[in-house]
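Presented sequentially are two complexes of subunit A, the first with subunit B as partner and the second with subunit C.
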Partner chain A sequence: MALYGYAGKILRLDLTARKATAVDTARYRRWGGGHGMASALFWDFCRDKTIKDGRDPANVCCVMPGPFSGTIVPSGGGRCEVTGVGVGMDPISWYTRSAIGGRFSAMLKYAGWDGVVIEGRASEPVWVEIQNSEVRFRDATRLWGLDTWATQDEIWRLQRRRRGTRTGWHDLNDRAEWGAADQGRTTQLSAIMTIGAAGEHQTAHAALIHDAGNGAGQGGFGAVWGSKNLKAISVIGTGSIEVADPAALLAARLVVKEKYTASWERPDFWTWSRLGNLPRPIIQSTPPTPDRRPQSCQGCNNGCRLRFSVGYGNESACQETSWYAPFIGRLVKDRIKAGEINLKAADIVQRYGFNSFVYQTGLHWLEHLVEEGALGPGRRIHSDLPWSQLGTLEFAEALTRALSTRTDIGADLADGWVQAARKWGREEDLHTGALQFSYWGWPEHGYDPRAELEWGYGSIMGDRDTNTHCFNAIFTSVSAAVAYGLPLRLEAGELVSLVAKKLAPYAKDRPEVLDFSDANMYSEAVAQLVRWQQHYCRFWKNSTILCDLKWPDFYNTNVPSLEGATGSPDGGEQVFWKAVTGEDLSFEGGVERGRQIWNLDNAIWTLQGRHRDIVHFAPYLYEHEYEHGELFPFYMWPCRDGDGKWAYTDLMGRKLDRAKFEQWKTTFYTLEGWDTASGWPTRRTLEAMDMKFVADALAAAGRLGREGA
Partner chain B sequence: MTTRLAPPPHELAARILAPVPFAHRMKVGRLVPPVGLTAGDVRSLEELLRHLEPDQRSLPGVGFERTAAWVEDAVGDRDLAVSVRGIAAEAPSYVEGCRRLLELIAERLGQAREVVGGGPTREGGSL
Partner chain C sequence: MAENDTTTPGAVTRRRFLRDTSLAGCAVAAGAQVLLADGTLVIPASQGFLLVDLKKCQGCSTCMMACALAHTGTASYTLARIQIQQDSFARFPDDVFMATCRQCADAPCVRVCPTGANAPDPAFGNVRRIDPAKCIGCRSCVARCPYTPARLQWDHARQVALKCDLCADTPHLGSRGGPGGVQTCVRVCPEKAISFTATMPDQKDLHSYEVNLRDRAWAKLGMSVK
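The block that comes next holds the complex of A and B.
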């Protein structure tokens, strides 16, 4: 029977024995793909699920595309999930996830693989070359020490493939070692995922990098690869993915383009939609040059990155292009020059394989320590870095080099920033907010948990900064409209009704779940919203895999009905699922699968040592208000007033109440069917989801939740 | 934009052009979708001017009352603070307020530079 949407086998790499084997994908079909399959593979192949540091050789790292990878599902063809136990979190580095875009996931599937399971530790540096069904372990001694771009260049050179496609087709039969089977030909270069210095030195802020600017940052998976002596994986494939109903897939994609996406003929740059915005790089870009073109992950209908004629800043699109900007203005007045430094700073972190997300609040903290006299040459926290040059390109490189190579203050920060704060005697900074690392040792993202509840609560009930943009377009769209004095495209009551229509099954037609007012912020309704977000994402977003920046699409002002594509009968997630896999899975059925994956993840966290007693935010969030007007004049969100009337309301000016949040956790655990005393899954809940094997393992470990507790 | 403020005396002009100590910096932010609200700070009116410069990709984040208080307390320019409060009261939108604030700060810096005779800025150059 054809397994539509899948290649049919998963590659299992035992780095210790340098052995590659294939696992039948069908065995893991119930988990969908991506994150779901990865969690199940981790469950099966990780021998010690109590490990608390991803650099432990027992850790199992999965690189997993989903059924949509390599297809034309809009904003779904090029994403790839990376999972395993992370590095540098606090107090425990959880089993966690990251995602990366580009063309790696598609190429892996074209080579015939639904994912890669990485186990063990090589005795010497290796890189892995995958060419269709052939897999080779290569000596990476000469690659070790190269940055991520140089590594890719060198691998392409070793493969004797020239850049670009102008040189014509590459005959993959050019090396005798591949054997008699025809390897085919292609116009493509291998897709390579690699680590840089940050990964080689196993630092908590080490990322995986692919092509120029695709990165899996959170989780420290670069350090996981570094600990395994794995420098890179290169893959090239000449196959394809058979989908169940190509006509239905094409029709649904056209619906998304023609019905849900803003028209180029009559462009609306103020569309309220996630899926339906126009590519923004064309109109919304930093200097230094107007000569640029959009670039996207494979198969995406919305190029959100750029390639510049100047040759730097290519493919970097998100946080990496903003981490240094606040500091450049201190020294550089010219906007063009500032833009150049900003984009070249993005290139620096990409080349070192460095997750610049830690800089977002972390660099402000380091500067605070310098200005306070605590950090610098001869100071209590000694550093020889040229701090007076903060804002220059030279400093950006010096700092990133130090943090990537465990030199200077990088020696202390390499194992986690919160841990370094304690080592430096700066725990007070977690109370004052000078160090805004909000949850599990990760920085605040830009959506403060005191205002945007689903982001904060979702992060702390999960394993990392959630980086899940399901709902926060509400904040950006409304706040931008208010800031410009523009008419609101949707009134608050209308917006919450449209969103709630899509929140099946837990919150369907319950708009109160979006009410983040003081009166409702610890409610059962908000708990249902967070549940929906976690379950939806675990399947529809992280397993199929859809782009976080485009899905879900709740409301859409390009459509007369104003209803977004999510769950819709013509362009909803389940439409693409059926077209690709042939399975008639409902939208709600996908959310239910997400619940199962979420429970499997919680079982892993439970085995690692999670207990509700350690599920709490950084102290500053309970002790200090989110100050009005500090970062922006308002944080607009739909709320109900005392009469039950909806209005967009500013959520700044409040802090979290520790006791009330503890009550909210109890509500959340109750709704999930977990032990409210520990937060652990219970047998009844697990067996109702056909997950007896998980309940048995938890019972054997003495960590099964009590029923009715 | 017409000048609304009398030129500052020499001592104040020097303060207008100088950075304030780190402890007296003003925290600011920036709305950068989809990154979110990113933090920053300014330590001089020059830095505030650059922070307010229009950018297609993002919106500057400042609180007008906070800015007025900072101008008054940290920079020491009471007249400018009054004008900032006037913008907060009169601007039809936040973005228009930012634009007016940008013009106001630019004008004040120009006045200060004229008073001190085009003296050096913090970076040793001139705007």
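The block that comes next holds the complex of A and C.
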């Protein structure tokens, strides 16, 4: 029987033995793809699930596309999930995830693989070359030390591929080693995922980079690859993927374009929708030139990045285009010049394979230490970096180089920023908020847990900064409208009703789940919202795979009904799932599948050492009110007043209550069917989801939750 | 003495030329290609062409994947009749190239086909199509295309050549394709970077299929319309 939407096999790389084998995808079909399949593969192939550092040779790293990869599912064709035990978290580096866009997942599927499972550790640096079903381990000695861009360039040179466009077809039969079968030909460059210096030195802030600006940053997977002596994976594929109902897939794609997306003829530049905007790149600095194009991952509905004529800044977006902005702004007043430095600073982190997110709050902390006289030449925290040049491009490179190569203060920060704070005797900074690393040793994301509850709560109940943007468009849209005097496209009551329509099964038509007011912030309703988000994302977003920035589409001002594409009968997630795979899975059924994956993840965390006693935010969130440090001076969110009337309300100026949050955790565990004393999954819950094998493993490890506790 | 008595058999006389070309004219007007006595193949002009805006494409390759899907029911780059090339590191606008079939007036790929598999289809506005049942996989058409990259594709699994038919043969499109119908890539492109025209672009100009589709909305998004 055809396995529609899948290539049919998963590549298993044993780096220790330099051996490649195939696993039948059908064995893992129940988990969907992407994150779900990756968690199941980790469960099966990671023999020691107590490991607490992703650099342990026992770690298993999966690079997993999903059924939507390589198809025209809008903003679903080019995403790729990366999983494994992470690096640099506190107190334990959990089994975690990241995602990366571009062309890699589509190319992997066209090569005939539904994913890659990376195990063991090579004795010497290697890179892996995949050409359709053929796999080769290559010596990476000459690549080691190259930055991520130079690595890709060198691999293309080794493959005799000409860079640029307007190049001819490349005959993949040009090397005899690939065998007699016709490998086909292609106009495409191979898709390469690689590490840079940050990964080679196994630092906590090491990313995987693909093309100019696609990165899997959070999780520290660059360090995982570095620890395995894996420099890069290159893939080129000339095959194809059968989908169950091509006509339905095309029709649904056109519905998204023609119904849910703003039209070019009558453009609405301020649409309130996640899926339906015209291409609005999320570059956070002034573009240096109008001579540019929007650029996107494969199959995207509206590109969120740019390529420029100026020769820098290609494909960087969002935080990496602004990590240095506050410091540049003190030295450079010209916006174009500042934008140039911003984008060149983005290029620097891309080339080093450095996750710039640690700079989001971390660089402010380092500056604070310098200003306090604690850090610098001859100071208690010695650093020879030219801190007086903070804000210059030269300093950006010097700092990133140090942190990528374990030199200067990078020697301490390489194993985690919170760990470095302790080593430096600066633990009090986690109490004052000078170091805003909110959850599990990860930096606050710009969506402060004291205001945006689902982001914070979801992060601490999960494995890292959740980085799932399902709801935070509410904050950005409303706050931007208020800040810039733009019209509010939806009133608060209308907006929450529209969103709640889509929150099946737990929170359907319960708008109160979005009420983040002081009176409701520790409620069962908010717990249901957090559950819904994690379950939805585990399947629909991270397993199928859909872009985090485009899905779900709750409300959409391009549509007269104002109802977004999510869950809709003509452009909903389940419509695409059925068209691609042929499986008649309901939207709620997908959320339920996400609950199973979430439970599998929690079982892994439990085996790693998770217990509710360590599920805490950084202390500053309980001890200080949220007052500063944001781009916006207010954090607007729909809340009910004492009369039950909805209004957009500023959520700044409050802190979390430790005791009430503990009660909320109990509520959350109860709703999940987990042991409220430990937070561990119970047998009843697991067996009801046909996951007896998980319950048995937890019982064997003495970490199965107690029923009714 | 009859005129044809004095001529070499097969040679083209004035009378024969006029007869053949008038017949050919009628045939071409009716949409059929005609092989003249001198071996010249007269190919009726296609009634449809794709135009592209190289500065507008976002490189999502949705057109490629949708093209393969509409024609074959599978998602693929290789089976796409339109090829989008991109170099992530190159400077705009040289970072993207959209390689579409030009439906050439002179159609070297049609001329070189030894079996007649590659021919204009009068039922679909003379778009040049390859009949896979007649294709013997000689790849002459692929080699003969004068453009880089060649605008014909090679289906290595079926060992046949493919080319853009303006969606004449798209069992999964759900609409009638071809000139006068729907072209999948035009309809699916999120940027509206591909358009259709019934007017033949200048055949001598390498860039005549490249157009500027950037409008006021594009300018409002802060990007150059030049």
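As a working rule, the second predicted complex is superposed on the first by the 699 of 709 C-alpha atoms of A that agree within 3 Å, B and C clash if a C-alpha of one lies under 4 Å from a C-alpha of the other, contacts with A are read in each partner's own complex, and residues count from 1 in each chain.
Throughout what follows, a contact is a pair of C-beta atoms (placed from the backbone, for glycine too) under 8 Å apart; a residue touches a chain by one contact, two chains touch by 3 or more.
All values derive from a computational prediction rather than experimental measurement.
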item: Partners on subunit A (subunit B, subunit C) - clash or fit; value: fit
item: Partner chain(s) touched by A:W169 [first = subunit B, second = subunit C, both, neither]; value: second
item: First (subunit B), second (subunit C), both or neither touched by A:K333; value: first
item: Touching partner for A:L549 - first (subunit B), second (subunit C), both, neither; value: first
item: Contact breadth on subunit A, by residue count: subunit C or subunit B; value: C
item: Partner chain in contact with A:T361 - subunit B first, subunit C second, else both or neither; value: first
item: First, second, both or neither for A:G311, with subunit B first and subunit C second; value: second
item: Contacts of A:R47 with subunit B and subunit C, given as first, second, both or neither; value: neither
item: Once both complexes are placed on the shared chain, angle at subunit A toward subunit B and subunit C, C-alpha, multiple of 10 degrees; value: 100
item: Three-chain overlay, closest Cα atoms of subunit B and subunit C, distance in Å; value: 9
item: Residues of subunit A that touch subunit B when the two form their complex; value: 283-286, 318-319, 322, 325-326, 329-331, 333, 335, 360-361, 364, 371-372, 436, 445-448, 469, 472-473, 476, 479-480, 482-485, 549, 628-633, 635
item: Contacting residues of subunit A [partner subunit C, same complex]; value: 70-72, 77-78, 102-103, 106, 109-110, 149, 153, 163-169, 182-189, 211-213, 237-243, 246-247, 249-251, 253-254, 257, 261, 264, 267, 269, 278-280, 287, 289-303, 307-311, 314-315
item: Residues on subunit B engaged by subunit A in the complex (per definition of touch); value: 22-23, 27-41, 43, 46-47, 50-51, 53, 55-59, 61-66, 92-96, 123, 125, 127
item: Subunit C to subunit A touching residues, read off their complex; value: 55-62, 65-66, 68-70, 72-79, 83, 85-97, 99, 148-150, 154, 156-157, 159, 172-174, 184, 187-188, 190-192, 215, 217, 220-224
